[in-house]
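Dumping the structure here so I can ask a few things about it.
Order of writing sets the chain letters: A, B, C, D and E. Residues in each chain are counted from 1.
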């Protein structure tokens, strides 16, 4: 059944290259949008086609059915779920370390001042997302568990509707829904940054289908290089980056700035201890997996070795080496 | 394909067709069973030989185990029966509401072309609409609890019943009504003793169609803010990439669907035995 | 409700019913128009008086503006016509495939009870299944491109056509076939010159039902990885809580649905004028 | 019953033009008459019967029964249609008891009468069968019983035996003659069959093609001579003469 | 055509028991015969006709036509059914031309013959009407033309006029008599109507109730005397006598 999907990796064009690469993405407000908006992937040797998805789950399914080669800005939860359930892809790049783009909002007038006040309340969250994980971590840190609140499984758009109508008292979600709720009488109780401090770092990744990577390592390296450019642009000229990302989402620069509140990882920092360095990421993923297993959401949490194997930093290393060469 | 003996068979089928369909001869049953078996065998071979990924086609064994575990231990807090129960509560509430509203409105519309003219544009507009198109609107209007789910199922059930009722009443030959009035029946008696029983078989068909519509909207209805229900189970399983549970859910839904239809057919035979003899 | 003049009217309806339905008298048209107008007026009042939130019921004006802007400027890169075009490409491809496969298989199944026995369990199983239940599986099997979308629509269209064809063939009275054979027709000629035209009206009805099924599955089919299509537009608009676009999309889909059905009815009258005269 | 200058015009619809179905019909029916109406297809026989039953309103003219104008249906004028419109959701007995039931007649009495008439038409054994389990002739007998059970003043029948085969038709004709002789009801019967009209009626009426008018009336007495399948009256010279005359009239009508 | 010791048993299904429809039927039909078959409902008349047409296989016995056993349908034996099974998707002309068309006869010749027979049944003006736009009698005439256009050796008719009203039936009887006299085809006609059988046939056959056997055969000649609506033969003593006898036979049969 493999290969009956849309990706054209099998039908090699000239030079042993595929006719095109297919990239899955979620339209988040992140530096990953920059090459999408600015045609950054034209730097690659083959044309890139970007496909939009509504959820990480759909992106993992697309990878599993060989329909796409890369997935951009894939949340840590779908990444983990996909890996533990046997989808074969490699994590090659950290898009961002989640800071303020995800968070727990409560109604201003609900009297909820603390996570503990959530007891018995209805909290909207998207199942199998990093928001889901974030909420459960927040509860755990507050000495509570999922049973203490009423979790309402909602996609972000439904969280908006439910909030609008007052059907939920709180929600753990991400931008733009998070900001939308905040602007509609919401009070942000805690964000991804707070969780990260407590050691529950959530991350968005870029991943590549293993089979594709083995066949076309050069293209993967080029892909990473495009991402490096984007992160570098943000680093050097954030206003320009806001403008570009804002243009994609039809948002003003200020709105974009408000939404882009995570720590975007540059090429230089990819191997830092915050990111791939010191197996930080692998441990993060393992923590998510074990947590999910505890919740009964997944059957097998695997082990650190497994997740280390799912991370391939060779492209980053190669890029860093090249960079050094040119600098020298 | 067509030969003499066959055309003779058809002759008997034309006369006794109903009987023949009810009790098909053994061979056809064997063939049906054989096909089901063959599908299972192919599935076993494909999934166990590692020809395809376990994610893409889970093995028969794992699906069976999922089925057993869902039935016995449950899936996320509810057993299979509870999931089915939650779904059926929604489905049958919506279905009941649809019957209670669509039957009288449909019958009225069939009797009176002005009432019909008033309802027709609304029905015609809503009928072809994909449920998912207006689901967001329903959630905005009715919230994330059962109301919006039931409303979605209700809308799926309403049109088939309404249309069947209106058409059935219009179909009644004048002589049926004339016979009653000349025997002394009042308008009210004509309605209850002639129009209604005459329309009953068609109403029943409409009700069966409605149930089918509602059933196939079940998963859509459980997309938002559900935490139980067989549709939600399948959706949640796809969130967690649990192919085995997805397959188990599909099998349960398929079989349940067949059973529901069978029950309706049986009820039809019981309740309106004059069907086909009008 | 039922009075003498009415029962006489019915009498004429029984005889000339078909004509009456096609050309209803003016009053009913007026009533229908009135109802549509009344709905618009109520909507206007409700939405413009600020009785309800603009998010929950967008104003008529904003929906109209959305409609215009979608038509002229487009929504996320495609104009309304392009969205409709993308959807219709999927829908009609699936629909065409369904016709091409379901008609011959259905006719065969109608002729031969063994073939029927082989297909029936599969059809019976898949027919009631909610499309969303197996959509994930389809995506896993066929990828995110049009294939899986078309497959979903295909499955929605297949069963109604297949069932209609099988039933139509079984319904043919032996005398129709006997008449042909005694006049010297071969089996092949009986099939093409008698069985097929006899079944055509029922096949057509099945095809119309199938189109309805397919149409109402359109949004579901565009849930994953679409970037155009009228169903995707509504879904995307709900992601961004663009109520005006959602309403505009619903209106477009409703009207398109009515138009498609009208076209099929017209085609039916053209292609199988003997419908109802068998 | 007195009918004066009756005419009826069907309004046209978009697809059919206005039709003048009856024009200037005059007819007097005495109590106990057995009137048989003959006429080419589409001449307005059923229309006339429907007006008499009160199911249709005449466009012009008056129609009175026992001095009172006919304004609507009345169970005193029972109707038997060509296809017996029995209700398949009721069994034979309940079909027969339909009239007394809707008229709110005392249960006990209604039951007695329904049984009496079921006996009369020879279907007592089939009281609990469904109409669709009966043959065509049996069905028409049930319809007859259903019409009679109300004890109407007048029995209007629209080609009641038209759909039956020749043998069954014969039996039914004998039955209706017997009933008429026993109950002395006024009967108005439409038929296509000249022999049926001649062997049943005390009066025979022939109508012209549309717009229907009465073109021939004759008092006859053959039915009184037809006791117990003695059919000799069929071969009497008057019979043969009248038969020929009417057939000729009809033949002309059908050509014209 | 020679029929010897023919019997037929319908196999039972789950809901209906095995039925012996015909038993020990012997019959010889000569070329040019006009055989009319009478018998109570369900006695196996249609079954016999279907066997003769080759639509059914006899359980026992032999059936031969011109010395050859009948093993299947053959256009040389044309059939006219009670309800004219015209194809509504074809116009009248194409319905008539159906036989020549499927038999692959030369276009030109087929057209000529279809037109000839449409003329014969008096429907040349309706060549392009659809069957459902015609009256019952006209439809049956088209069915007749369709059967005749193949120039069959034998015409099998199963109550062809049973569904028609009395006047139309008369006209059709005259037509079939005329055609039979002109073409000298062998005709086998099933009917419920004793008068129809007596005024059309050269031989009359009465069958017993199920299982059907032949209980009476008679050579008659009334049809030859019935030129141009001269119906005097109907009132001849032999006619009246035979009519009574057969009616009695049938009446007994129906009781038994």
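A few comments on the model shown:
What we mean here is this: contacts are C-beta pairs under 8 Å (C-beta built on N, C-alpha and C of every residue); 3 or more make two chains touch, one makes a residue touch a chain.
Just so it is clear, the structure is predicted and the values come from calculations on it, not from any experiment.
Each step here moves to a touching chain, and the least such steps from subunit A to subunit D number 2.
The two copies, subunit D and subunit E, are related by a rotation of 180°, based on C-alpha atoms and rounded to the nearest 5. Centre-to-centre separation of subunit A and subunit E, using mean CA positions: 84 Å. Taking each chain's centre as the mean of its C-alpha atoms, subunit C lies 48 Å from subunit D.
Under the contact definition stated at the top, the residues of subunit A that touch 2 or more other chains are 1, 61, 64-65, 155, 157, 161, 164-165.
Within subunit C, residues 4, 7-8, 11, 55-56, 136, 140-141, 173, 178, 181, 223, 235, 238 each touch two or more of the remaining chains.
The multi-chain contact residues of subunit D, meaning those touching 2 or more other chains, are 50, 54-55, 73. Across the complex, subunit C is touched by residues 50, 53-55, 73-75, 77-79, 81, 83, 85, 87-89, 98-99, 102-103, 130-132, 146-147, 150 of subunit E. Within the complex formed with subunit B, the residues of subunit A that make contact are 1-2, 57, 60-61, 64-65, 81-82, 85-87, 124, 127-128, 151-155, 157-158, 161-162, 164-165, 167-168, 296-299. Those residues of subunit B that touch subunit A in the shared complex are 52-57, 76, 136, 139-140, 143-145, 223-227, 232, 236, 238-242. Residues 173, 175-176, 178-186, 189, 193-194, 197-198, 200, 272-274, 277-278 of subunit B are the ones that touch subunit D when the two sit in their complex. In the complex of the two chains, the subunit A residues touching subunit C come out as 1, 4-7, 24, 51-54, 58, 61-62, 64-68, 155-157, 160-161, 164-165, 180.
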